[in-house]
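Inspection log for the structure reproduced underneath, given as structure tokens.
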Amino acid sequence: MSNATSEPTAAAERPTQERKEPTYLFTEKYVADKSEIARRFIETRARLNANVDKANNFLVKRFYNIDHNTYLEGTLPAKTKELMGLVASACLRCDDCITYHAIQAYRLGVTRVEQEESLNVAMVVGGSIVIPHLRRAYELLEEMYG
Amino acid sequence: MSNATSEPTAAAERPTQERKEPTYLFTEKYVADKSEIARRFIETRARLNANVDKANNFLVKRFYNIDHNTYLEGTLPAKTKELMGLVASACLRCDDCITYHAIQAYRLGVTRVEQEESLNVAMVVGGSIVIPHLRRAYELLEEMYG
Amino acid sequence: MSNATSEPTAAAERPTQERKEPTYLFTEKYVADKSEIARRFIETRARLNANVDKANNFLVKRFYNIDHNTYLEGTLPAKTKELMGLVASACLRCDDCITYHAIQAYRLGVTRVEQEESLNVAMVVGGSIVIPHLRRAYELLEEMYG
Amino acid sequence: MSNATSEPTAAAERPTQERKEPTYLFTEKYVADKSEIARRFIETRARLNANVDKANNFLVKRFYNIDHNTYLEGTLPAKTKELMGLVASACLRCDDCITYHAIQAYRLGVTRVEQEESLNVAMVVGGSIVIPHLRRAYELLEEMYG
Amino acid sequence: MSNATSEPTAAAERPTQERKEPTYLFTEKYVADKSEIARRFIETRARLNANVDKANNFLVKRFYNIDHNTYLEGTLPAKTKELMGLVASACLRCDDCITYHAIQAYRLGVTRVEQEESLNVAMVVGGSIVIPHLRRAYELLEEMYG
Amino acid sequence: MSNATSEPTAAAERPTQERKEPTYLFTEKYVADKSEIARRFIETRARLNANVDKANNFLVKRFYNIDHNTYLEGTLPAKTKELMGLVASACLRCDDCITYHAIQAYRLGVTRVEQEESLNVAMVVGGSIVIPHLRRAYELLEEMYG
């Protein structure tokens, strides 16, 4: 769906949306040491990503780049956007994506109750079909926060 | 998926999650006066809900009740949860649900840029298939904030 | 999506929908002894549910409660509703949910052919993407009924 | 996913699954006269199907044929399978398909409460995202049964 | 899901994937003159996109750009990729996206039978839930090719 | 959704869509020897299909037959249709289906870059939720083509 040319005057009227890297309170390694589920996920993802990188596919790199930009500090805090990523992942029912965003949220200092409230939105919007994923998410939360 | 009995001692160890009604800055009527899309949605929903209420179905009433409780002020602000509802709705691609949560977020004082950042999470997680819904959401945003 | 107040007079005009616990012909343990797939599922689910219970999350408990009420004996027999749960699970492609409802249906005395006919509805509505799940469901059916 | 050759001896061991056309209590015309929503749906579908038929596409005809066979009287009554089609349609969120199966179920003598209980299964499995479709379904039920 | 740094040596070993703009045989205006469905879609989309452009959202612009690059002439012809977009749109059940890719494919000289064969893949993978969308797609095909 | 009777005169005006079996350059065994992922998939699928065949279910056999016919040489080459099956599988997020179609495409002589371009369409249409599946698909591609 090709984009019509943007209108610079309209753009000028709007405040720039700043984007900057969030500050993580914890490293991936810290989380991996606390949680076996996190450790396995992080290792598998690194191994598979190395393979994707090797392929050097232009569009995949571009997509990874957009994806990275989506969760930066902006008008909404990075914390909030990671939790939104968690909600989206849970209601679309992707365990890997749930694990990824729950770990990222943890690293940014999100509390367990905040993660649970986010999962509740996904459960109510997405229905009981989300529950098996919620159960597995709670196991991860238990390992990280327990 | 039947629930095993809860464990009261474990519960006692956890802080109670307070829930209270959020404070709306704007009434539905205010939004309906600003936006024709909002007005049509609010009217149609009221008409159809009256019909659902008349049926007085036990489980539907229970579900509406849970749904209502999901978006109350809690550990996360109601604003954030309405935006999470927006993300979930957009990545599951339900125009009615997008319109509902965008209106609710507006009534709670969420800014346009915050709504756009939330829609970006849905677009990136859900892909280009979300874009037709995003276009319609921007039309609603334009009417409400324009 | 908040619920408008229900209309008691309309409700009074309608027969009460009775709900009562179904009578299971077989225990979970009986099924677990016949089928290794069922046994692993039941054990994993119990372990993960214990963890969810411990969290004592208000909305999760409410949702589990609604979920439980959905499959009780009502105007439609519990058998039929478990099979409907099976159809929904298969066309939404959730292996855990398929396993759960196939076991529940078995415990209520549903025959294998009835389970297969239900899976056919899901296959035709949901397409070939359902087939890998159908294959795994047939393996469970074979273990339970074989 | 190509099919391995079937095994005739195994087949011989199983009772034949009879399939026969269900007996409708009401014609499509009868429903169209009671409900404006049904009338519009039936007319639009007939017009669009005429166009599909004209194309005479081999695989589409085959698929329509399988689809037709799915809802015949079998081990499970046609009524039950139409309600399963309704559940599948509602949790996959297709208004046209919901309307189609609700009409078919009505024509076979299914009661309103049976339709509502079926929709409840879809609502609980599929979540609040199903509710806008449930609202529209209740409008159709009101027109047909009211 | 942040991207690990790409490996330039691995990249150097692979042939560059050329991307270039496809040559359209027909303008959007030509299609809009033949088909009322196409005309309405093209006009609505232009109107809504103007509104999106005005918002000048960084990530939306980036996503539109990636989306544009996806369907360029590459190792696979643009024709094939537009038909793949059609298949993806049909099995994810987005009428706007189906209309968009069917028009693009037409503009590149794809025949009606090629469009139908593509829709068949979506119908078989995605099931009968795709059929209401297929019916509407055939109406568009009839207008464009009839 | 029952099919209205087809119109033979309209059919007569259209060229017959030939269907014939494609010529595979490689056997399943060849692929299984190159790739451990492929080997495990092929073996598991054969084992589970044997069980499905034994059940001798009329509608399942019919569906497998339609499915087989979908990917034959036609107006579009079998190669293209297997890649369309890959796109559909990836955007509907079914690892088994992705593996199946990637193997089939390989057996027909499709190159790795053609598989990657197809996966890009699925990634852009389906969003970042597709990426965990894309990662696993690249691992299979590496084993088959590496």
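In order of appearance the chains are A, B, C, D, E and F, and numbering begins at 1 in each one.
As a working rule, a residue touches a chain if its C-beta (ideal position, glycine included) is under 8 Å from a C-beta of that chain, and two chains touch if they have at least 3 such contacts.
In this text the structure is predicted, and so the values were computed from the model without any measurement.
**Student:** Which contact partners do chain C and chain F have in common?
**Tutor:** A, B, D, E
**Student:** Listed by label, which chains are in contact with chain E and with chain F?
**Tutor:** Chains that touch both chain E and chain F, as defined above, are A, B, C, D.
**Student:** Matching over half of the contact pairs by residue number, can you pick out the copy of the C-F interface from A-F, E-F or A-D?
**Tutor:** A-F
**Student:** Interface overlap for chain B and chain E, more than half of numbers shared or less than half: same or different?
**Tutor:** Different-residue interface.
**Student:** So which chain is farthest from chain F, going by the mean of the CA atoms in each chain?
**Tutor:** It is B.
**Student:** Rounded to the nearest 5 degrees, what angle rotates chain A onto chain D on CA?
**Tutor:** Chain A sits rotated relative to chain D by 180 degrees.
**Student:** Taking the mean of the CA coordinates per chain, how far is chain D from chain E in Å?
**Tutor:** Whole-Å distance between the two chain centres: 31.
**Student:** Provide the C-alpha centroid distance between chain A and chain B, rounded to the nearest whole angstrom.
**Tutor:** 21
**Student:** Measuring from the mean C-alpha position of chain C to the mean C-alpha position of chain E, what distance in angstrom results?
**Tutor:** Here the centre of chain E sits 39 Å away from the centre of chain C.
**Student:** What whole-Å value do you get for the distance between chain D and chain F if each is reduced to the mean of its CA atoms?
**Tutor:** Centres of chain D and chain F (C-alpha means) sit 28 Å apart.
**Student:** Where in chain F do residues touch two or more other chains at once?
**Tutor:** 1, 17, 45, 49, 54-55, 57, 59, 63, 66-67, 70, 88-89, 91-92, 97, 120, 123-126, 128-129, 131
**Student:** Can you tell me, using the touch rule above, whether these chains form a line, ring, star, complete graph or other shape?
**Tutor:** Shape = complete; every chain linked to every other.
**Student:** Flag every residue of chain B that touches chain F in the complex, lowest number first.
**Tutor:** Against chain F, the touching part of chain B is residues 91, 123-130.
**Student:** Contact residues on chain B for chain E in the complex?
**Tutor:** Chain B residues touching chain E: 93, 116, 120, 123-124, 128-129, 131-132, 134-136, 138-139, 141-142.
**Student:** State the interface residues of chain F toward chain C in the complex, per the touch definition above.
**Tutor:** Interface residues on chain F, with respect to chain C: 45, 48-49, 51-52, 54-55, 57, 59-60, 63, 67, 88-89, 92, 94, 96-97.
**Student:** In the complex formed with chain A, which residues of chain E make contact?
**Tutor:** Residue positions touching the partner: 1-7, 10-11, 14, 17, 19, 45-46, 49-50, 53-59, 61-70, 100.
**Student:** Could you list, by residue number, the parts of chain E that touch chain F in their complex?
**Tutor:** Per the touch definition, chain E meets chain F at residues 1, 15, 17, 66-67, 70-71, 74-76, 80-81, 83-85, 87-89, 91-92, 97, 111, 113-114, 117-118, 120-122, 124-126, 128, 131.
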